[in-house]
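Look for chain A in each of the two complexes below; its partner is chain B in the first and chain C in the second.
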Partner chain A sequence: MSASPHAGPAGSCDVAVLGAGPAGAAAAIEASALGLRVALLDEQPIAGGQVYRAVPGIAPVRADRDRAEGDRLRSTVADANIERHFCHRVWHVERVDDEWRVHALGPEGPRTVHAAALIVATGAQERHVPFAGWERPGVIGLAAATVLIKAQRILPGRNVVVAGVGPLLLVVAKAIIEGGGRVAAIVDANARGDWFAHARDLVSRPDLVARGIGWIRTMRSHGVPMLHGHILRTVDGDTRSLRAVAAPIGRDGHPHAEVASTELLCDAVCCGFGLMPATDVTRLAGAAHAFDPARGGWHVIVDADQRCDLPGLYAAGDGAGVTGAAAAPLQGRIAASAVARDLGRMDANARGARGKKRGSVRAARFGTAMTQLASVGDGAIASIPADVIVCQCERLSRRVLDGAIDDGCATINDLKSATRCGMGPCGGRLCEDTAARLIAIRTGRTRTDIGQATGRPPLRPVDLDALAGTFDYDALPMPVPSPL
Partner chain B sequence: MSATSANRYDLLVIGAGIMGATAALRAAQGGMRVIVVERDVAGSGASGVNAGTLSLQIKRVGLMRYALRGYEWWREAGEAVGFKRTGGYTLAFTASEQALLEERMTKKRDAGAPIELVSPAEARAREPALSDRVVGASYCAADGYADSTRTGPYLRGLLRAANVHLHEHTLARSIDAGGDGFRVATPGGPIDARRLLIASGAWTASVAAMLGVTLPINVRVNTVSVTEPGPRRLHAAIGHATGLLTLKQKANGSYLIGGGWQGRGSPATGRGEVDGETLLQNLRLARFAVPALAHTRVLRSWTGFEASVADHYPLAGVLPGVPNAYVLACVRGGYTIGPFIGPLVADLILGREPELPLFDPTRVLAVTTRDGSRAADGRVPGK
Partner chain C sequence: MSNSDLRITRNVHRGAPIRFQFDGCGVDAYEGESVAAALWASGIRALPAGDGDGPPVRALFCAMGVCQQCTVSVDGVRVEACRTTVRAGLDVRSRP
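Right, the complex of A and B next:
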């Protein structure tokens, strides 16, 4: 177990890459090309991440650009000299004796990968804004909807309200239409003109802008109602017949009391409010993070070479700040080069890194503009009614959280220990951002002061028997009994 | 020390855990003007992150009288702290563990704990979720647990009701001992007090060091895990003959697994880390003792710091060499014992005779400074 990472036994490598999306796959490919021994871990059965998600062996409904790019990425990963661990759920990372230990659960049981360096490329997670009824069956996230449609070929419903903010609204609506479903309406928190405010950064990727305009045309040609400057306030009914109420909001997110709400009948609601960096691994590792709304909120701090502030730890892609799928592979390659240099396996002045960095900065401009478009003002949080459930796992209403905040909870960790907010199976993924914004609204404290929840293993819930494996009682290394 | 008596406190307590808070409450009841400063929030250290076990079977013989009294405090606090009297079994799976169990439990029973030895068949008849590999067991009807996450809010409420000032998120940066009192520097400004109680858990040594006193305190990093809620299968609190397991199924159906398996980290950074390898052993032991744990999902593991000195008895008394300064820390089983020993130390501070003997911290200095010879007044009950 404590073998040197350079000795070369099974389970040890130069660099472990967590996540086989655009950033992680590029990092692994580059590191391998630089002669490093690479282990690539991902929970999914194939590479591609969320953007290029696909099902092995199943052809897409229609060939599209994402599928082609994803297939190209997958074949490159397959051809590279990379130790691949797909279907592996990483549940713990820890730094012990100058190495990183990555604990994962795979089809053959627990596996620990020992690595001199660790590149975290775990991407983004969806932000949610609670409304009455968001915990109901039939209401799912935009990200979950893309998984259903891309990987399972299942439509979330026949007649779907797509709500929230950001480019994912159009992505999901288009996929529903292509899959043969109907989009009852798109409820977009952005006003129609908000896109123009970021036009300068958006034109850095005219191809992607053109793609977006094409999506909007698709919506028009299918007669999909677009409710701009609206937010969902209520969903009730059952999955055969849901009633969604969309209310108009101002630029700050506060509802316009004087303008009438719109009722929408549907059988499913897909909603999401932009992406946040997935920081669970870097938090668990103990790296420094910063809060920056333009990058999706809390993100791990990296230098120009994607290094975190801990030895041997690197981050690439949306986890280091949401900058989108275009910047991710460049960051992955930068991180891999940095690992090679830091391990003394590449000339520190090697060419290419500078160009990649420039490309990464350019690509990130588009992603950052998109991230800013995919946010909603504090008014949308401040106006959440007291009875609305904020923490679904522990069924905590806004009233309960506000009470605890008024009682002195000043940080997200305070609120967590006082109310159990974020302590259920979702680990705070659904509620932590809202809970932190409630603290900020009620106390005037900054998100930096409010902080993030301390990272804890397991990173995702794991089956105790799968972890414990088969063992012999007499072989348990029992420490000395406690003193009598 | 220029502070006037008007804004000076009679007692400043550093640490709003069970020890510091209950000492502050007794001192306030005794007429003192008391302030508690806390680097984080009330009950955020060991008091709030431990497994909540209130088991007399895992208390030391020499501390049993204290544990029995502390237990009463938890029982009286009741629902507000999530107190549950479930009864508890301690299990042995080998002949040597059984011998250890019988020796230990007999001594603990003689010290006053209502513990009985039961046959494996009896234990499994009453608690069918137990492993069929049990070869020996003991039972204590009083055993149970509280919900440690509720400790802090409960203590905060008590302090408020008693008019004790509680300054949370207030780190004691330095301490000046001058003339007839102390000035503690905090981010919110200096606080003056006539007397000082260090009840800072794992941070006790670093606080004492601000007064030039070196306390030889070791810190353990204990691991606790919780599973998703599941159907009710286990009623009693479960332990192991070695003391290396605590396990209960809480009211919401989730299992809480502890036992003092060691993680990594230090109070200096405030960061404790779960050691993946020891966590697995802890889970295996739990799974072995209660096979009903099969296919529950582990939700979260965390660590808490536990301070101790070489003899594993409390530091509870005058801080050696510093007039009007006191220390209360390193209480093995401190979650159970804390609310009794806290007020005992407050009695000492109030100039009253404590109901049970305290544990003079001088003994640990004597051990380190006099080449192993014990100080004459170092008293250790039960020995």
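Right, the complex of A and C next:
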């Protein structure tokens, strides 16, 4: 193999990195520093992922910590010797003739990147727990709220209910207040004391704990009602003024009958129940996955060098198990070093790898504790009313899914074939976790037995005209008819 | 731009003000914004249901290209409003 950068045929490289968030950007920078030819693909116009999300043309006057960190990452990516493909949506990955082929659609049309190795750093996606009215306009994700406020500098509403579980509740509430909005209430599925159960892992990052305590103080000083141990049950009302009903739940997620619900008037609702690894690419590639609630659920299995069980396939960051933005760049660099060693470009005993691994394990402790705090008990799923929509794309209610489960659907693929659950435009990203939990609750089967939906291309809806491009009908190969 | 819009006025530099069309009506926006964010800031949070029947769908839910609920037609091409940057004169329609 050639050692000089940018040798080889067009569209071919040593390593393709999918995702330019903290993990993918670090992987690409490290791989480039190690002399590998790197292609970096991301569907956003600039690097940063979700945590450092920004858009060209909109900038704060005074950058906060995340913005400054993101700007640093973007300038390092811009300075490195990396082939950058932003605004590119990857719709298929396949292994052909000992190489990975990444098929993407960008502003100039379709592009295929050929790579000896593939690092998947596609991050996480938000988990949702359905309630009556969660499909209404005015209800958005917590992650969506951070994109609106941080990247676009737009408020989700003037008077917002922030609901769900996990650290994003405080992040979003504080950002709304700083942006000049009002938080009608924080509805937190965790009981007040749940944070103490993970205190030992949380103190590994005293800086982040201090940040969290500061956020809680902001809520107090602004008189924001904090409903701990509550979950949203209903959102109704008209387009402008919404009514949200928050009901008390126990530690197992089941509703408390003896405590009254709380009605909240608002103009927008932001909700989310933690993060799950985005496994669509690694599933499509055919890698082995495991289910671990402490890592956000289903994640691709990696070894200590971030290698998956398929040749030339690596994963880093939240996609390999949600461990947070602090662990992500370390995992990205570990993956890049492993690629260099596996391609014979670096001494197997090179220094530094062990230190990065220790750092990564330490950083992951905090992230894993946060992930565990961002989950709700099965009772919250078991108590979803029968007519609540679970699969929004196909408008399937819990009743329909329960019926199919009672008729014998025992895996997520069974449920998909029987009801079309998860077959709509979102590809199951909004409903698959809930649907799998419903199967688990009704059948007693484990999430491992219930499985994930089989990965199939396209990974996301793509415009077929754009994929096909322009062609002349005369150029199509036509078989010569055989003589009769 | 009206006082009722949801744009944060503190601590922000925005691009130049522009105007685009949504279902034939002018919508004010700033360069750099996504179509979905510009619609949201102007109070447009719902799109008519695709099949013309049933409840309206959301003009924004995940804001990151996952849910596909904000799919609109921009200059005749189906795109996610949250992954499309506004430009002056863009012709955005809720249906193809």
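As a convention for this text, the second predicted complex is superposed on the first by the 466 of 484 C-alpha atoms of A that agree within 3 Å, B and C clash if a C-alpha of one lies under 4 Å from a C-alpha of the other, contacts with A are read in each partner's own complex, and residues count from 1 in each chain.
The rule is short, and it goes like this: a contact is a pair of C-beta atoms (placed from the backbone, for glycine too) under 8 Å apart; a residue touches a chain by one contact, two chains touch by 3 or more.
Source: prediction; values computed, not measured.
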* To do: Based on the superposed arrangement, let me know which partner A:Met478 touches: chain B (first), chain C (second), both, or neither?
  => first
* Asked: Is A:Ala191 in contact with chain B, with chain C, with both, or with neither (first, second, both, neither)?
  -> neither
* To do: Identify the partner contact of A:Thr112: answer first if only chain B is touched, second if only chain C is, both if each is, neither if none is.
  => first
* Which holds for A:Asp414: it touches chain B only (first), chain C only (second), both, or neither? -> first
* Asked: Touching A:Pro425, do we find chain B (first), chain C (second), both, or neither?
  -> both
* Would you check which partner chain A:Ala382 touches, where first means chain B only, second means chain C only, and both and neither mean what they say? => neither
* To do: Name the contact category of A:Ala468: first (chain B only), second (chain C only), both, or neither.
  => first
* Jot down the residues of chain A that show up as touching in both complexes, chain B in one and chain C in the other. => 424-425, 461, 463
* Along chain C, where are the residues that touch chain A in the complex? -> 6-15, 30-34, 37, 40-41, 45-46, 54-69, 71, 77-79, 82-83, 85
* **Residues of chain A touching chain B in the complex** => 1, 92, 94, 96, 101, 103, 110, 112, 286, 407-410, 413-414, 417-418, 420, 423-425, 427, 454, 456-458, 461-465, 467-468, 471, 473-474, 476-479, 481-484
* Partner chain A, residues of chain B touching it in the complex -> 41, 44, 48, 58, 60-61, 93-94, 100, 104, 107, 133, 149, 152-153, 156, 168-169, 227-228, 241-244, 260-262, 264, 271, 273-277, 279-281, 283-285, 287-288, 293-302, 312, 332
* Interfacial residue positions of chain A with respect to chain C in the complex -> 43, 45, 50, 55-62, 89, 125-126, 135-141, 143-144, 147-149, 152-158, 178-180, 239, 392-393, 395, 424-426, 429-430, 460-461, 463, 466
